[in-house]
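Given below, in the form of structure tokens, are the structures.
You will see two complexes here that share chain A, one where it goes with chain B and one where it goes with chain C.
Then we have the complex of A and B:
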């Protein structure tokens, strides 16, 4: 017995525009936390991650999703029409509970770095964790972001990803109704 | 707002595709991201790239300003402003400070842009190496390898031949120390405004099907040599109407006897100065 399907955006056009501006501003200003509300997806998918998928994913963007999200797969498939990417290397978007192994995703090439995957990382919270210091394009000075749920060696994992530039994976961190982005350009160290 | 169109004209599938391209463009500052440019209700060359970017970004609460060569009242600016007033029902303005989204052709406003503003450039030719290497396959490889020697040779040949770098507009820049980028045909005078600008800068080339971006506070350096540093070129006179000495000026021929007038290219800037009581030598108080 499956639960009845909950709705997506109440207003698909204007809600996705609003959510896009949050993601765009987040990507342009790494670490800045935006709130996107209005979507009630099936557990365990959080509403920010759901809103990002509704805004950006469609039949052109194969999605790889962590097995934990199985109860939400039907909802995502119905609202976004995304094909499954069984192989993470073929995914345009990835949906993960905590940080996945970034090496499994397509980082793009030096000639076409825009083909890299965007990984939506669902976390327990974007605040209250061990602070990370972010620097890079989009930031006048350094800023702090303190998400809960990233691995202890995240700084090292990220340094490797950043070293691939201009190739590399971009992250959208989501927790509850909040999101923040970490584009591949941002330099991260423990604060 | 006109009935029968989706909000801001483009269909949602197209917006999603452009939005994905924009996010990757922001994540790779200065890199040209290919996108599926759509046919728009005006021809290529009239800002279709900028319009598609604006349409994908714009929301009902935005206030839109559109300029063409700095002016709010020229054909291109008026018709694009009217297009979005009609298809998106957004408020429009001519005042730089009131706008949240500014679409521009060939200028950056004189008033410094803020952190809560987005500037969208209309780009005719996104490839800075276009005149030096006509093959897209080659230029993509050059960008991939950051092999920009050819552009330095071009600038060197300018210096050798003319004693200076002879590029007055579309002056190539390095973005975040990695990508060579065309700033679109803005005058070289405007190049320094791009460096560490608080506003997000988005670029759309409709015919060439490319989108690129510069995040806020990103280093943008005009190419030059230690012994031939970059210089912004401008008319030597102050604005005839408002007396501004720090604004980019247009030269207007006023008669057939050699008469000429230098006026601010940024009409909003000039009007604001005149309203504040500044009068140039050809102006009327």
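Then we have the complex of A and C:
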């Protein structure tokens, strides 16, 4: 059963530019939490993840979505016009409840690292979990991010992903109206 | 839908007012403008070709009862697309399909026919009967 169709951005131009700026800044400064509001998507999609999809996804970017998001598929298809990627390896964007198996997604190639997949990870909260220490480009010193809902072996999974550089998967963590990005360049260790 | 797309926004609004109290409508998407490539085919059987781009406005609304109406109209008139979408949503409600058909669609269709007939009649008056010229010569 699909949820009733609700509106997307109230002002599609300005709201998507604002959200784009948040994602851009989030990628440039890993771990910084941005607030994106103004979208009321159908459950279980959170509004930050919905805003990111409205801003970035379109007919040229196949989306792989976790089965839990089935009630929101109609909403995403209507507003973004994204094709469905049944095979995660063909997806440009992925939408997941918790961390998916990153090995299934396209990490790009050394010649074209920009073709890699970006995974939107929906979590219960970006604060209050076990703290992770982030270092890397965009961070003068280290910063702490404490999301709830990442697996216990996330640091090991991430080390493997970072080893693929310049290829690799980028993550956008979303919870409620908040988002933070983890680009492939960031080094993560348990704090 | 074709009737609504050809009618003017003022005409649709006038007919909708005649329907009496309407449910509240919420905009789900748009009205927004875009381009659609119109394709043609010579003689109906030739190879398709791109005739040119047409400006199209689309709108999707949701009525208070949850029914969704969509509309695409040519041009840049957002109000026109929105009104057409509202009529689309109303038409899906089985309780008022007939009323809307009677009060909105039928008069608009009749007006469209009358407009076409008037244009055709004006054109008809200027028709040259070539046999007359032929007769004058002989």
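To be clear about the criterion, the second predicted complex is superposed on the first by the 188 of 191 C-alpha atoms of A that agree within 3 Å, B and C clash if a C-alpha of one lies under 4 Å from a C-alpha of the other, contacts with A are read in each partner's own complex, and residues count from 1 in each chain.
Basically, a contact is a pair of C-beta atoms (placed from the backbone, for glycine too) under 8 Å apart; a residue touches a chain by one contact, two chains touch by 3 or more.
Everything numeric here is computed off the predicted structure, so don't read it as measured data.
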item: Chain A as common anchor, with chain B and chain C clashing or fitting; value: fit
item: Touched partner set for A:20, first chain B, second chain C, both or neither; value: first
item: Superposed model, angle subtended at chain A by chain C and chain B (C-alpha, nearest 10 degrees); value: 90
item: Chain B versus chain C as contact partner of A:53, first or second or both or neither; value: neither
item: First, second, both or neither for A:61, with chain B first and chain C second; value: first
item: Chain B versus chain C as contact partner of A:4, first or second or both or neither; value: second
item: Partner chain in contact with A:111 - chain B first, chain C second, else both or neither; value: first
item: Partner chain in contact with A:79 - chain B first, chain C second, else both or neither; value: second
item: First, second, both or neither for A:185, with chain B first and chain C second; value: first
item: Chain touching more of chain A, residue-wise (chain B, chain C); value: B
item: Chain B versus chain C as contact partner of A:12, first or second or both or neither; value: both
item: Distance of closest approach, chain C and chain B, by C-alpha atoms in Å; value: 10
item: Overlapping contact positions on chain A, where the chain C interface meets the chain B interface; value: 12
item: Footprint of chain A on chain B - complex, ascending; value: 6-7, 12-13, 15-17, 19-29, 31, 33-34, 56-60, 140-141, 143-145, 176, 178-179, 196, 198, 200, 213-218
item: Interface residues, chain C side, partner chain A - complex; value: 26-29, 32, 60, 62, 66, 68
item: Residues on chain A engaged by chain B in the complex (per definition of touch); value: 12-14, 16-18, 20-21, 23-25, 27-29, 55-58, 60-61, 92, 109-114, 116, 118, 137-140, 165-166, 170, 183-185
item: Of chain A, residues touching chain C in the complex; value: 4-8, 12, 78-79
